[in-house]
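Heads up, the next two complexes both have subunit A, just with different partners, subunit B and then subunit C.
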Partner chain A sequence: MSDSLLQDAPSTAAHPLPDWFRKNQKAAAARFDTLPMPTRRDESWRFSNLKAVDPQDFAPARPVAPELAAALLSRSHGLKSPAGSTVFANDRLLAHQLSPALAAQGVLWLPIEEALQSHGELLKGHLLKNTPLLGSDKFLALHQASLRAGSFLYVPKGVHIEAPLQTFHWVAGSGQAVFPHTLVVAEEGSSATVVDWFKSEGEARNLSIAANDLVVAKDAKVHYVSVQDWSRQSVSLHSNNTNVAAGGAALHLGLHLGGVYSRSESVSRLEGAGARSEMLAATVADGAQEFDQRTLQEHGSPDTYSDLLYKNALYDRAKTIVSGLIRVAPHAHRTDAYQKVRNLILSPDAEANSLPGLEILADQVRCSHGATTGEIDPDELFYMQSRGIRSTDAYRLITFGFLNEVLDRLPHEELRSQLQDALKARLRGH
Partner chain B sequence: MSLVIHNLHARVVGGQEILRGLNLEIEKGRVHAIMGPNGSGKSTLSKIIAGHPDYEVTGGEVLLDGVNILGMEPDARSRAGLFLAFQYPVEIPGVSNANFIRAALQARLAAGEELEATEYYGDLYKEMDRLEIPRGFTARSVNEGFSGGEKKRNEVLQMAMLKPSYAILDETDSGLDIDALKIVAAGVNAQRGPNIGMLVITHYQRLLDYIVPDVVHVLVGGRIVRTAGPELAYELESKGYDWIKDELEAAATA
Partner chain C sequence: MSTETISQLDVDRTRGDFHYPEQHTFDAGVGLSHATIDYIADVKNEPDWIREFRHKALDVFESKPMPTNWASKDLDNIHFDKIRYYLANAQRPTRSWDEVPDDVKRTFERLGIPEQERKFLAGVEAQFDSEAVYSNMKKALGDQGVIFVGSTDGLKDHPEIFRKWFGKVIPTGDNKFSALNSAVFSGGSFIYVPPGVKLKHPLQAYFRINAENFGQFERTLIIADEGSEVMYMEGCTAPKFETATLHSAVVELVALKGAKIQYVTVQNWSANVFNLVTKRAVAHEEAEVKWIDCNIGSRLTMKYPGVVLKGRKARGEVLSIALANNGQHQDTGAKMIHAADETTSNVISKSISIGEGRASYRGQVHIPKHLKGCKNNTECDALLINSTSRTDTYPAITVRGSGNSVQHEASVSQVSAEQIFYMQQRGLSEAQAMSLSVNGFVNDLVREFPMEYSVELKRLIDLEMEGSVG
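For the complex of A and B:
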């Protein structure tokens, strides 16, 4: 099944990629071939509609025509003044920029292929170094074997980047597969916000196997946002790894809108004392969409904190799965770990699955997890209507509010308002 | 021009009749108060007029400037000029006050017309200042985490922004300390005038010291049993409701 996907692995054209990277890619290609396709009998794929995921239906994306590239560039509306901005279409670089002031401070913001060529050693210790824990070993192997597009951000010690850095990943044309990657390395005491926009040109069916590594050093702060807005026929798999050292803080927010089957895996590893991680997701599911979300809050040190809030709004025959585990290592005393899943059911045919789990081996731990599933509150509806708001708009506004509670946790105002716009465009009345 | 309630009968869906032939006319420019003991049907009346789905009308009509509103959806009644200030305002997580009020105003515009943002915020801030509501309020979620006083001020703010022809204030004094009550009452009084008729529903006379009504009605057993000037409120305050009930029973057995 892998032949068509692997035969067109990244070209190494003008500048050679580092040997270690090429070796890893080769090994990953072999792994992809030998690893079995997961089945629903695997614990980490319970309830998943694996039939939707067949890499055989797709081939590595071909470059888009120049006119389309220009059109996609002009449609890459992001922040008014981002610290850096990069645009890819079908895994090919279209545009790239970084604020010169940041470059002068030693900040690196590079397309990942260029970063591999120019700063290979810097990437070597971080790129896809984490063992997959949530079931996507095979797909991550394909990601690694095929990786050619994405952004690398390096923030030197003590440097604070106020404005977010943004990457657009476009895909165009039927049956194309892309493998976006984002690698963020934030050195001690630094801070940055990064956003990935995943968007399709048109309604074609595509495959995306994306991954990111967020490496948060001592006392550093990283906020990462992904907006999954692929076409409604597409298949999307996205794996996030967040590693937080002592005193560091991470925030990971996923806004999930597109795809027919969309799986997101997110692991937060709290590796140093006092490390913190917020894991957030807001999902709008309609039609026959399925959003399959798997999380792990891995507390490996004392006094660590993690807070997960995943919210799903479901229309029609849509389906969501949130399976989350909090794991507290024996010595990770005084851990605070929270996990909240909230489902808003907007149709009797929708299906929300919540599978929480706890594995606590330390003392003096505060952990809670809870999942609730409910419908639109009739009192809220009546209150809105009593102000003249039509019931169809009231439904939309209440649903917006439900998901916006997640977006409100993001401190960056302009970015938050863009996410709110993307969310509003996706919501329906009743 | 008036809000006329004519021979209104109503109940909780499938339940006992609560309103039993209620008659009332609220003219524009006047403030009516309804007082009554617990269980007399005061809150039911406000919900029925606003169109709450838990209640059903079994007879009579409610005419807003001559138009029977009982067949209309709650939102259509609001757009027709009716306003209900809730006894227990509802919390709407994740929806900011500014967006909420904006959506209510937007709903009053023709399709394709957009509310002018600068003008809207100008009006909103002016009314907020009048009610001593700080600016940070606009970004907070509707009523979420609000104190009793903040919630009631928010009701009066919405009323000021929506400019109804007829407003029903349901137990607006409940949950308020005296300072909050004065602010809320001042906000209501500022809206009094020839273009609005008000119905103030309360259990206690206290509110009517600050919002002085033109007419006071007593509601017992789902009917208006007595109508008089503001002095009636004081009589009820000193004598309670039992004497009216006793008189009614005496009349019924006579």
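For the complex of A and C:
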């Protein structure tokens, strides 16, 4: 099944890619071939509709025509003045820029292929180094074998980047597969905010197997936001790995809007004392959409903190799965770990699955998880209607407020308001 | 906490660590085959339909793989070919206390069941190895039309009720161990409560294992007819043996319209017992089923009592306390399957992990499409006593459609050093302080228990803490 997908995967870069990278890609291709497709009997795929995921239906994306490229570029509205900005269409680079002031401070913001050529050794230690833990081994092998597009951010020691850096990943044309990657390496005491926009041109059916690695060194701070807004026919798999060293802090926020089947896997590894990670997601599911979310909060050191908040609003025949695990290693004493899943069901045909798990092997741990599933409180609705708000508007307002609680956790104001706009646009018509 | 404390917190198992010479007239030998099934059916002089049922169940058992996803690797240590699947004393179940053999009486005395209590309780169905050797029902029960007999008597003497429900709540093929039980079951209770009869006193059965390598496969079926009420109590301790013992019961409850069933278990098998139990109830319209489940003993317990809420306004509840000490894994939980409008369910689970003990909660809540007004509340609290203790929570909640409300909460905490220090300052020993904290942790749940059991449970928790650091 892999043949069609892997055939023209090798890079067309002007400069050769490092040997280690090509060797890894070859090994990944072989792994993709030999690994079996997961089944629902695998605990990490429980409740998933695996029939929706068949890589055979897709081929690696071909470049878009120049006119379309220009059109997509003009539609890549992001922040007014980002620290850096990059645009890809069908895994090909369209535009790239970085604030010169940051370049002067030693910040690297590069398309990943260019980074591999110019800073291969720096990437070697971080790119896809984590073992997949949440079930997508096979798909991540395909990602690695096919990887050509994405952004690499390197923030030197002590450098703070105020404005976010943004990347647009466009896909156009039916049956195209893309493999976006984002690698962020934040050195000691540095900070940065990175946002990925995933967007489709039109309503064609596509496949995206995306991954990102967030490497947060001692006392560094990384905020990462992904807005998954692929077409409603598309299949999306996204794996996130966050590694936080002592005193570091990470925030990972996913706004999930598109795709017919969309799976996101997110692992936070708290690897040093005092490391912190926030894991956030807001999902709007309607039609026959399925959002399959798997998370792991891996506490490997004492005095670490993690907090997860995943919220789903479900319409029509939509289905969501949130399977989360907090794992506290035997020596990770005094861990604080929280996990909250909230499902708002707005239709008699929607289905919400929650699997909040805990595995605690340490002492003096404060852990809790909660999962609730319910509908809109009739009192809230009545209150709004009694103040002259139409019932459809009231429903939409309450739903927006429900999901906005997640977006409110993002400190960057302009980015937050962009996410709110995207959420409002998505809720229009409900 | 020091490692010394860990060892000293271990339960005093010597209380159940004794047994008397075995005099088994009927013994099916070791291992399981169709011949074993025929042997059991012959000895028990069972009708053909049950013999056939057993044979089919054996085929299902053999065709099913061992559980994989959920199961502990420890299950691989069960050697099915080394287990005795049936043995019984030759006695017929006896009616009066005087007829009970002396060594059995001595066993009960060592277990500390007061004579007074035995007389006071409405009926006692005590199981000594697979067969009921003692059964005593107050005449009043019989007058009310209540049937309280062993499962074998139930299927022989009351086939018209028994056959209608037997194997319907938990089909043979439900899981590998329910199939095993269906093939070789003996012992357990059959209870039928006629419409409108509300039993004031609990029905009670004590179980014991008393043969090395012997697995016990009770089969209990309780039917509460319309508007009736019954409470059943099951408690067990087992003597300690060097090789593992398998215990695999199947318990089926049927609560018809408006009926109430409470099923209480205090499980205190010795630490070499594999306790793999399937328990499920069906609650019809406006019926209530409550499982009260305490797991203190055994090496590995896997038990997830469930309620299928089949009728409108049916209610299901699981109250669970698990205590896992060194070498123990308490893998317990609850299943609530909502199948009608306005059904409600409540699960409260408290677990305590001591030393290297591991307590796991697994739960399933299922609300299918087009139901209205269903509610579930689940709370799981875990208490870790030592730095080597482990606790896990693995719930799975599926809700289809709006109009229902489900909430799940879990927390993990410790007995804080400050608390212990505070109590020690006021003159309590560390062990007393620990015992008090643990009892405080489970107290609000224990209060929900019937009197006899809350007393027994508190005593058992104290025992766990007995001899702790002084």
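Keep this in mind: the second predicted complex is superposed on the first by the 424 of 430 C-alpha atoms of A that agree within 3 Å, B and C clash if a C-alpha of one lies under 4 Å from a C-alpha of the other, contacts with A are read in each partner's own complex, and residues count from 1 in each chain.
Everything below uses one rule, namely that a contact is a pair of C-beta atoms (placed from the backbone, for glycine too) under 8 Å apart; a residue touches a chain by one contact, two chains touch by 3 or more.
Remember, predicted model here, so these are calculated numbers, not experimental data.
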Practice item. Check whether A:368 is in contact with subunit B, with subunit C, with both or with neither, and answer first, second, both or neither. Key: second
Check your understanding: First (subunit B), second (subunit C), both or neither: which does A:400 touch?
Key -> first
Check your understanding: With the two structures laid over each other on chain A, which partner does A:59 touch: subunit B (first), subunit C (second), both, or neither?
Key -> neither
**Study point:** First (subunit B), second (subunit C), both or neither touched by A:71
**Key:** neither
Practice item. Please determine whether it is subunit B or subunit C that touches the greater number of subunit A residues. Key: C
Review point. Looking at the overlay, what does A:387 touch: subunit B (first), subunit C (second), both, or neither?
Key: first
Practice item. Tell me which partner A:379 touches in the superposition: subunit B (first), subunit C (second), both or neither. Key: first
**Study point:** Which superposed partner A:357 touches (first subunit B, second subunit C, both, neither)
**Key:** second
Point to revise | Of all residues in subunit A, those that touch subunit C in their complex | key: 41, 43, 46-47, 330, 333, 343, 345-375
Point to revise | Partner subunit A, residues of subunit C touching it in the complex | key: 68-69, 369-370, 382, 384, 386-414
Point to revise | Residues of subunit B defined as touching subunit A within the complex | key: 50-53, 73-75, 77-79, 83-84, 86, 89-95, 99-101, 103-104, 107-108, 141, 158, 162
Check your understanding: In the complex formed with subunit B, which residues of subunit A make contact?
Key -> 377-380, 382-391, 393-394, 397-398, 400-405, 408
